[in-house]
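Each in structure tokens, the structures are laid out below.
Each of the next two complexes has subunit A plus one other chain: subunit B in the first, subunit C in the second.
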Partner chain A sequence: MRKLKEFIIEKLILICGLASIFFVVLIFLFLLKEGLAVFKTVSPFKFLFSRSWYPISEPPQLGILPLILGSLLITAGAAIISIPIGIGCAIYIAEIAPLKVKEVLKAGIELLAAIPSVVLGFIGMVTLVPLVRTMFHLPTGLTALSGSIMLAFMAMPTIVSIAEDALYSVPKTYKEGAFALGATHWQMIWRVMLPAASGGMLAAIMLGIGRVIGETMAVMMITGNAAVIPNSILIPVRTLTATIAAEMGEAVTGSEHYFALFAIGIVLFIISFAINVTADILLHKRQ
Partner chain B sequence: MTQIKFNIKGLNIWFGSIYALRQISMDILANEILSVIGPSNSGKTTFLRMLNRLNDLSQNFRMNGTVMLMGRDIRGIDAELLRKRVGMVFALPLVLPLSIFDNTAYGLRMHGIKNMKILKNKIEESLREAHLWEEVKDRLDEEAFKLSGGQQQRLCIARTLAVEPEVILFDEPCSGLDPISTAKVEDTMVKLKQKYTVVLVTNNVKQAARVGDRTAFFLNGELIELDTTDKIFTVPKDKRTDDYIRGKFG
Partner chain C sequence: MIKNPYRTQNIAFFFLFLATLLIVIPVGLIVVLIIQKGLPAINWQFLFSLPRQGMRAGGIFPAIIGTIYLVAGAIIFALPIGLLAAVYLSEYAKDNLLTRIIKLAIVNLSGVPSVVYGLFGLVLFVVFFKFGASIISGSLTLGIMILPVIITTSREALESVPYSFREVSLSLGASKWQTIRHIVLPNAIPGILTGTILGLGRVAGETAPILFTVAAFYLPQLPKSIFDQVMALPYHLYVISTQVPNVDEKMRYGTALVLLALVLFMNLVTVIIRYKFRKKKKW
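After this line comes the complex of A and B, so read on.
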């Protein structure tokens, strides 16, 4: 009787484990099946590198280069803002802040992570967008810059918490060794902590960037969504994610446009996958 | 009259609610090797880490009493400056993933010395003092990890010597080493006392007997006895000292 019970529980757990893998594989296959169909009409090269995205013109023009560049521009902007602030914040929390300040800061960072992206987008729309418009005297504040700033806020919690973890796990003996040679606090951080934690810090950055690339709602609300090749950070752009979210509802099932949106999904999937794998390798190299 | 390097008066140390050192008063003389022995949790490492203020890094650290280095309260000296004057060698050789040369130059570079000629001279001098020069002079550019455990520990000693300290603290420097490497490190320590003051914390009672000029015995945070090594090991005044060195406890 007991053996039977063991057997049933074991198998149930096995099924749970397999189910998650099964669903992932299913989703991936579906994505591939729908997405690859677009390449019957457009060559992959043309899809990735031609400059115009007019999916409902006749014949449809399905070049996602402006969308890729839009995503990259906004991501780069967000990275430039969030990496220094995030890493600085992690160093402060891990090494400098007194215990009480540290607790308050960590709670604050967690709170920031808990704000739903649509709320951040909404707040950005009514505060940041007008600010950017008046500051740079633009016709509209819905620009790549606004998107980058907003996304930087979203990437920050990820970067801070993982980087702080990496700093925290540097062996105490390293720190003491540096201090015992007469290092100042900053010399210790710069010459010992940062090199020793570099793997984890890079992973933190990668995961932060991964979050930015995949983000949809906030960017859709504040970047203006114009599918043009960006030549400045002060003009509206459109990202890969926003394109799918905005157009999927109107695309006719089975049309080229529909397949193209799935293909964009594949491109996004590949980008996120590459980022996550890189982060994973960096994290494990450390241990 | 021998010069007094450290003068310690009424030193008490707490970590939170743990009373780690109780009313320690003693002197450490210049150019002596002072061995500090005692079972684990006796406070001997806390005592050592007091001398270069490494305890300051611990949370909940509290102290009273005074520790004077050459007549100046060490709490009135910049911690960085103090630690440059009072170097420390740890239990496990703390070798960095750099070349032998860069490992030895680490402290010097941190203190702003960049001139290659000065660095080279200083490094040769330090490695000679640590009795490692002959073994590594032809391969200074090799990774320091390739050295044996004993060589790594002597490399750490050289790195500490390079910043020109007055006092060197050894925290169980041979705990991870084989007998031959241990003998070499001990040999190095004995030669170092001509120029430096050496404080050695060790779990190895025989090591204290071999290298120490004087020996201090700590138990439960108290200094039980401090005398010349000969006396401690032949006619200890306190029964607990006698029991410990005979291996009855600890």
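After this line comes the complex of A and C, so read on.
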């Protein structure tokens, strides 16, 4: 009897262990099931590279190039802001800050990570958007720049915590060796720690960028949502994620528009898959 | 001129310090701003009454209740599966291809954009299982979303239980499951709790996954069953700050404050658990 009970429990544990694989596959299959239907009317090439997104015109024009470029522009902006600040902060916390300060800083970073994206979006709307508008004399502050700045803040906790882990995992003997040769603290960090932790740093950056690309609510609230090909960082743009969130409510189930939104979901899924697998390989190589 | 390495160091450290300030100061400002402007809105009526006049007056009670239902539903679903998956990875999994694939799947699950979870919940729970936009659809979607958080933190907690504990139990004739059930799990509870509460905090703040699976725009009543739609705090904040014109600014800040307080409270609880546990740790 006990043997049987144990057998059942162990099988149950195995099934739960496999649950993550099951869910990832399930998500992908359902996205494919709904999303691939759009390619009956639009070729994949046209879907990805044609320049106009007018899903409710007749016939609908379903080209997601403006959305891809919108996502890329905002992500690039956020990366430029968050990478130096995030890596710098990680080095400061891991190497320079005294123990007490370190605890406070880590709590601050955790706090930032915990703030819901809709709250950050709201704060961006009431503080950053008017600021950008008056600073650059624009008709509206809902721009790619505002989005980039806000998203940089959402990427930073990820970058800081993973980069910090990477710095901690550099063997102590490396540091001691550098100091013994007469290096200053900074020379040791610059010449020894950073190269040794570069794999983990790269993973940190990639995961931070992954977070930015997938972010939805804050982006939808502060980037202005204009589905046009961006020619400047000071105009409204629209991202892949915001398009799904903003339009799914109105799309008629089973319409081309509906399928197209799922196809955007496939694109996002593939991007996040590629980023996470690469980051995981980088982190594994280190160990 | 000879380059002075100490001056270079001072300049470099100054910039690193500056980078740190650039993160920490805005965080502080954001929290202070929300508290300062939101606090005047908080009163009994705001927290415990129904919204009126198209959300321009009244309270946010249904949204608070909705969020609590969603959090509870997500955890009822995700905790058992996540915990057992963590047990599998820490106690049973061998170092082979299958384990590698499971770990990769967890990493990917945590990286999937939240709005894609929303799409998935829409097709699977709302349409395929015909649950409609309801608490159960939303909870299940959110539950799958926080699985990776629960698995990862629980697994760390289980693995940090010293190996000698298991050896003693096994050498006394206990079976593998008895060892896990009576020795490993009890010692890992604080870590598991921490992970669970962190997951809860994340569920409470997420908006994109509930957009198409449960959240109601304006529904001034409380849900009667798990097949009802509900309002939820994050979605409510989104709605009153972008979709409804002429909402008193105080109400927006008030809603943001309630949501932030809820999430930060959960984080605070995990900090306290970690702190207490560190003091009591026997090994």
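Operating definition for what follows: the second predicted complex is superposed on the first by the 284 of 287 C-alpha atoms of A that agree within 3 Å, B and C clash if a C-alpha of one lies under 4 Å from a C-alpha of the other, contacts with A are read in each partner's own complex, and residues count from 1 in each chain.
In the analysis below, a residue touches a chain if its C-beta (ideal position, glycine included) is under 8 Å from a C-beta of that chain, and two chains touch if they have at least 3 such contacts.
Fair warning: this is a prediction, and the values are worked out from it, not measured in the lab.
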item: Clash or fit (per the criteria above) of subunit B with subunit C on subunit A; value: fit
item: First, second, both or neither for A:T127, with subunit B first and subunit C second; value: second
item: Winner by number of subunit A residues touched, once subunit B and subunit C are compared; value: C
item: Spatial angle subunit C-subunit A-subunit B, Cα centroids [nearest 10 degrees]; value: 90
item: Which superposed partner A:F179 touches (first subunit B, second subunit C, both, neither); value: first
item: First (subunit B), second (subunit C), both or neither touched by A:R238; value: neither
item: First (subunit B), second (subunit C), both or neither touched by A:Q187; value: both
item: Partner chain(s) touched by A:V119 [first = subunit B, second = subunit C, both, neither]; value: second
item: Lowest C-alpha to C-alpha distance for subunit C against subunit B (Å); value: 8
item: Subunit B and subunit C contact sites that coincide on subunit A, given as residue numbers; value: 184, 187
item: List of subunit C residues in touch with subunit A within their complex; value: 5-6, 8-9, 12-13, 15-20, 22-24, 26-28, 30-31, 33-34, 80-85, 87-89, 91-93, 101-120, 122-124, 127-128, 144, 147-148, 151, 175-177, 201, 204-208, 211-212, 234-235, 237-238, 241-242, 249, 252, 256, 259-260, 263-264, 267, 271
item: In the complex, subunit B residues that touch subunit A; value: 52, 54, 57, 59, 79-81, 83-84, 87-88, 90, 92, 94, 106-107, 110-111, 159-160, 163
item: Footprint of subunit B on subunit A - complex, ascending; value: 99, 173-184, 187, 191
item: Residues of subunit A that touch subunit C when the two form their complex; value: 2, 6, 9-10, 12-14, 16-21, 23-24, 26-27, 30-31, 33-34, 84-89, 91-93, 96-97, 105, 107-112, 114-123, 125-127, 153, 156, 160, 184-187, 189-190, 207, 210, 213-217, 221, 241, 244-245, 248-249, 253, 261-262, 265, 268-269, 272-273, 275-277, 279-280
